[in-house]
Structures are given as C-alpha cells and as structure tokens.
Amino acid sequence: MTGRRTAKEPNRRPPIAVVVMAVIAVAVLALPLVGLLQRTPWSSLGTTLGEAATLEALRVSVVVSLLAAAVSVVLGLPLAWVLARLDFKGRPLVRAVVLLPMVLPPVVGGIALFFALGRRGLVGRALHNWFGVDTLIGTTAGAVIAAAFVSMPFFVITAEAGLRQLDPRLESAASTLGAGRWTVLRRITLPLLAPSLAAGATLSWARALGEFGATITFAGNHPGRTRTLPLAIAQANEAGRPEAAIAMSVLLIGVSLLILIGLRHRWIAPRSSRPESSPETSPS
Amino acid sequence: MTVYAAASLSEAFEDLATEYEAANPDVDVKLNFAGSARLAAQISAGARADVFASANAATMSRVVAEGRTAAPPVLFVRNRLALVVPIDNPGNVTELEDLSDDSLVLAVCAPEVPCGALAQAVLADAEVDADADTEETSVRAVLTKVTLGEADAGLVYATDVAAGGDKVAAVPLGPQIRFNDYPVAAVSNRDVAADFVDFVLGADGQRILWSHGFDSP
Amino acid sequence: MSVQAEIRAATGGFAIRAAFDAPAGSCTAIVGPNGAGKTTLVHALAGLIPLQQGKIVLAGQVVDDPAQGIWVPPERRPIALHSQHNLLFPHLNVVDNVAFGPRCAGEAARPARQRAEEWLQKVGLADLAGLRPVQLSGGQAQRVGLARAAACQPAVLLLDESLASLDAETRTDVRHLLADLDTTRVLITHDPVETKVLADQLLVMEDGQIVQSGTPEEVAAEPRTPWTAGLLDINLLTGTAFGTDVALDGGLSLTTATPMTGPVLVTFSPAAVALSTAEPHTSARNTWEAEVARIQPESDRVRVLLGPPAPCHVWVTPQAVGELDLRAGTRCWAALKATELTVREA
C-alpha cells in the first residue's frame, strides 16, 4: 500500500513548536474543567440538580439569557450596520465604547448601570418619574439589562464582521434586478448574514448565561427573578456548600458546551459571502 | 504568620495586626479576608493558616470537627444587626416594623450566610414579614446598594455602619437579644498563633474591636 | 427612443460626460480603453450612480434629472444589469438566482422558476439549475448572470462585458442569443467582432467622454483616435463555409486553412493583404480584383479601403501608394494567404 499525497498538501508534517504550544493552550483551558469534573459529587449530582431551587435558577438563567440575547440582536444589529456601513467621524470612538463592557469588570458594570438606570441615575430618574419604575433591583428586567450590557458587544462585533465580509455589490446587483430595499434586506442581506448573526447571537447568549457580576450588583439576588445559575452557584459557594456549587457548575458547563458544539461549524468554516470574482473594480 | 478572618472583621483586624506588629517587631502578620464559609473550606482543603477568626460559630465548629484547629475556639466578640438607610431616608424607615412595607426596596444577606441568618432571626423575633428584594451573599454588597441609594433599607452588621460613611444612617433597633458570635482559634501549633489569639482576647485587642463597633461577648 | 441619456456623473473623483440616444430594440456597444468610464456610464443608467447634471429617460420614463429633483432607484427603473463580476447570490442555487428578477417583479414562485429554467436552457445551462454559484466555472457563472439579467425582461438590458470569459463556442451561442433579443441593449465590450456583429450603434469612450459614435462600419472606416483604430483594426466578412472553401456573401470565394460548415465569420488583419496592379502569381491562395473606394493617409502608413466583392481595409506604405498609383476609383488586385484567415461560426 502506498500513501496517496495530494498536490495541494506537499508538506503535511506540522511544526513541532506550534503543536506543543497548542497542547499547552488546550491544557490551560481544559485542566480546570477536568479538575472540576474530577471533584464532582456524581452520586449526589441528581439530587442537587433536582432541587426546586436549582431548577428555578436554571429557569431564570434560560429566560434571562434568552431575553438578553434577543435584546442584543434587536438593538445590536442596527448598531453593527451603522458601524459597518456608515462612515462617520466618531466611529472609532463609538466602536471602543461599544466594546468597553467586554473589558470592564462586570461588578463595575453593575455599579455603572446604577449610575445610568438606578433610581438616582441619569435615565433612571426619568424611568421613575414617567413610567413609575421604582427599582430594577430584584426584577427580571434588571437581570436582563445587566446581562444584555455585558453580552451585546459579542453580538455587535460578530455581526459587524459579517457585514464587512458581505459584498455590498451583491445588494446593489439585487437592486438592478428589481429588488427594493426591503426585498434586498430580506432575500440577500439577512440570508448572507445568517451565519454571522447566528454565531453572534449564540455567543452573546453564552456570555449572558455565564453572567454574574453585573447581574448581582445591578439586579441583586432574588430567587425566581434574578437568581440565575451563576448567582446560585456563588451563593452555594459562600454558604459553604461547594458540592452544590460544583453540581450546578457542571449543569452550566453542560448547557454551554451543547451551545458551543452546536456552533462549531460556524466557527471553523464560516461560509464566505463573496462571489467568485476578481475583487477589483475599475471604471472601465 | 497568616490570619484568616471573616470579611466583616477586615478593618478591625488590620488595626489589630498593626498594633500587634508594633508590639512584636519580628512578626509579620499576613491577613486573608473572605466569607467565613469560604475561609473554612480553604482551611479544610489544607491552606496554611495560623489563626482563623470566623463570623459565626457553626462555621468554626466545622473546622474544629475536621480536627484542623490546634486549640479550642474562644468567642472574642459579637456583632449586632443594624438597620441602615440612605442618609436622606427616602423610604422613611424609622423602625424594624417598617420593613414589612412591600414597596420598600430592601436588601439583606442571603440566609445561608451569617448576617442573613441573623437578619432572619431578628425579623422573626419582631414578627416582621419583610420581603427582601435582594439577598446578597456579602454584607458589604447590601451596604453598597444602600450607599448608592438604590435600596431604601438594608440589614447589615453594626460594624458595617461606619463603612457607609456619611451616605448612610443607622436606624436604632432597640435592645437586641440576637448576636452573631465570632470565635477565634489557633490553627497551627506555632507559638505566635496562640499569642495572637491571646492578644485579640486581651484588653488592647478588645479596645480596638470596640472601636470598630463590635461588642464583647 | 428607448434610451435618451445626457450624463454627467462622477465616482471616486472620476467624472464622465456622455450623451447618446438609442432607439427601442437597438443594440448600443460601448468600447474604450480600461478606465475610460464605460462601467460608470452603465451604472448611471442603472441608477447605481446618481447624475450630477443631465437627464436620463428610459422607455419614456424620466429616471434621473437632478434639475427637477427626480431620481428613480435601480429597482424601479425599467432595466436589468449584468455586471462583469456576475455577482451571483452565493446562497441561492442557479435557478433561484435566475428567478430572482421575475420574483422581484411579483411573479409567483412556479412561473418565475419556469421562466428561469427557460433562460438557463437558452444559455445552455439547464443541467446546472441545482448547483450553487461556487460550483460554477467562470464562463458558466457569466452565462447564469446574463440569464438572470435577461430573465427580468427589462425594457433596457445593460451588459457589462457579458461575453468576456466565454470560450469561443459558447461565445457564439450567447452572441446569437443577444442578437435575437428584441429588447434595447447597451453593452460594454472589448471584442471588435462582437461590436461589428451585434451593434447598431457604437460609442467609443476615452477619458470619461464619448469621443466617437456611429455605426460600427462608420467608426471602423474613420477611427478618430489611435485606440479606436487599434481596436477596430480588423476586417470582418461573412459567408458560408463548405470545408476549407468559404463563399462570401459578397460573391467571392476564399480558401481557408480551417475546415468548417455553415455560416461563418471570416476575419483577417489589414496588414495581411498584399496589393498589386496586375493579377499576382504568388503562393497566396486567395486573390481578387477590387475597386479602391477610398485612400486615407495616416501618420506613417495609408489605409486603403477596397470595395466589393470583399469590402475591407488594407495597410500599405506611402511609397506603395505612389508605385501602384492607388486612387479612389482605380482597380487593383489583392492577395491573402489562407493561413491569415480566422474563421469562426457566425
């Protein structure tokens, strides 16, 4: 038997140094998880996960993270469009501001949300006076706002990258075939963006699912309304019940892994939206 | 020497350590503050602590039960519950009974942590049916929400009131029968560990602890 | 008039000025060097670039008139554009790409698809209906793009180098397809043969301006710029092939090196023809006598236009004109080697 080598891959031996670094990287990322799984009290796992409080936290987590992802998409998509398509002076600044929640410690984010939306905050006073919103502490709305604050940037950068990758000539081509703006959006732009939008929405959902600091600071910890799995985990840990914390962590990891694995095709092989053609446009 | 102390002891133990180091120039006191339960878990896991000061007896007894202590624990202070409100008192809270008003934004500690357990007991004694809007895992998070004016009232330790500065005011609760007991124990067999425990229990140590709002047991 | 255009427009610092009319059902070819502004002109017609000044009327509808504040967006103009980059929609398969225009025009899915399939049939790609654009070769993508534009059945079809990357055979088929359309066509091309066969009107653009216009014959006979002369510096005759013999429509029979059957286009370089006063006795397989229609001296050479039976132009030196005493109306003999002839299906 002779091995077949294709002309496209003349050198299949990977560089050793790269492989070593990659293995170290995987170890750094995966070892804590392995440690956690190794310490997981598997026998009592079912009991902990079956507790009403755990299921309630799971429900709050799912509701809050889905709503946060929805807010991210609804508000983030127009923002991504503005950043990708409109050329305006303050764009670098706006983009920096948009991405800031990614680097801001979430607790600081939670305090900052108070300064904006709290009862003594910039907009919060208006909320109080006009809509009678007394407080967002202990409300699911508050938890959704906190989660959207930290997760929206993930959607915006992914969607913006997708929009930038999208060839605007495809949209004008559609218009020269008789497609109005709405049709272009519905039949060309959105379908071509779909992989990016799905990836961005899932990323922001995953981020919202793991969100802790901004939520507990801004929305507090109220069972059934703002106590998400991460909050319940922290509480169990503080209360000296590490087994319960670990069990719920395993649940959270399981849910997150399912999402990320479902997303892997989008990550590894993003479909190009560029048509097969030379990129240059000469006014010939 | 490493001292593990409950978060609520932070300011007091920093002063204690300074005083102790002044009296014993050859000793360097390292302080580690966190929630009592977390500290206990760390000690159980083999952390190299010389002294452990807990914010409640139950947590300490777990460490004792695991045989991690070098000497029996001793109660060294206790802490009263305090009702704090923003300085302008927007919820017009003047007594514990006011907390039964559902329109108030009330922050308390989670029942699993000592300050939360104390708050629950005090509210039960007073037969006040208070619906908390948030159950924080740290007493300081309760204080923060009151300091920012986002909560109308919070139940914290008496020792935390000072940390709120001029942004919060304490509402007098009258004589209390409920306290949180703080036990301290030497964890290691080193002489300095026993000596530091003695210092905490002694007149100088107690004076410093009073100045931070603690009561003697 | 199907197209009445008076265009002043600019993109990226590059400005064009052009005015032309095109009757309904006619074919207008735009030629010019790269960067002359041909695509800009077509984009102005399509509505992808707004006019700065001027006016465009398409099929009786004013679609752009800045003075009146009128600007109709591309989708509401009676046009369809096939771009040189094809720009097929990568998420739609071939037939859905072609059906896109009819669907946008409000046709139901089924008839739109049927129409798309008809057009794919016409461009010879009915088999590829289910493929994705990435699976197509350059030439196939170009034909799909063309079918997609044509399927819109616009009053004015705009074609930007729609035949550029087709191989010789499909090129002929597609050229026939374009010739048979009764819609008004405006096409950008680099191919002199395409120009001569398809165009009723030829516009030569250079540096953003139309430097010459007329029928292809008029322009070829009197090119006003070196570039035009260079592009159109080729003779094109039509006839019918029987093996290596081609009976020209003008009556003459030529011998070629390439055996073919049926209607053909015969092209040859004006420099390949040798002129003499008497019947030549050379190895050249093709000789004929013709009348000199016109003499046009150019800088270092002279263009001699010959009349029937094989109308063509020939380059000779100024000395030869004197030696052969060539003047309009005199007769002379032409000789042309069989190997100098390029024959292709008409």
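Lettered A, B and C in written order, each chain numbered from 1.
Definition applied: contacts are C-beta pairs under 8 Å (C-beta built on N, C-alpha and C of every residue); 3 or more make two chains touch, one makes a residue touch a chain.
These numbers come from a predicted model, not from an experiment.
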| item | value |
| --- | --- |
| Arrangement of touching chains [line / ring / star / complete / other] | line |
| Innermost chain by mean C-alpha position | A |
| Chain pair with the greatest number of C-beta contact pairs | A-C |
| Most distant chain from chain C, judged by the mean position of its C-alpha atoms | B |
| Between chain B and chain C, centroid-to-centroid distance (C-alpha), Å | 90 |
| Chain A and chain B: spacing of chain centres that average the CA atoms, whole Å | 38 |
| Separation of chain A from chain C, taking each centre as the mean of its C-alpha atoms, in whole Å | 54 |
| Footprint of chain A on chain B - complex, ascending | 35-38, 40-41, 59, 62, 103, 105, 107, 110, 112-113, 132-138, 141, 144-145, 148-151 |
| Sites on chain A touched by chain B in the complex | 111, 114, 118-120, 134-135, 137-138, 216-217, 219-223, 226-227, 234-242 |
| Interface residues, chain C side, partner chain A - complex | 11-12, 14, 32-40, 46-48, 73-76, 79-81, 83, 85-91, 100-101, 104-105, 133-134, 136, 138, 141, 148-149, 152, 158, 161, 188 |
| In the complex with chain C, residue positions of chain A that touch it | 167, 169-170, 172-180, 183, 187-188, 191-192, 271-278, 281-284 |
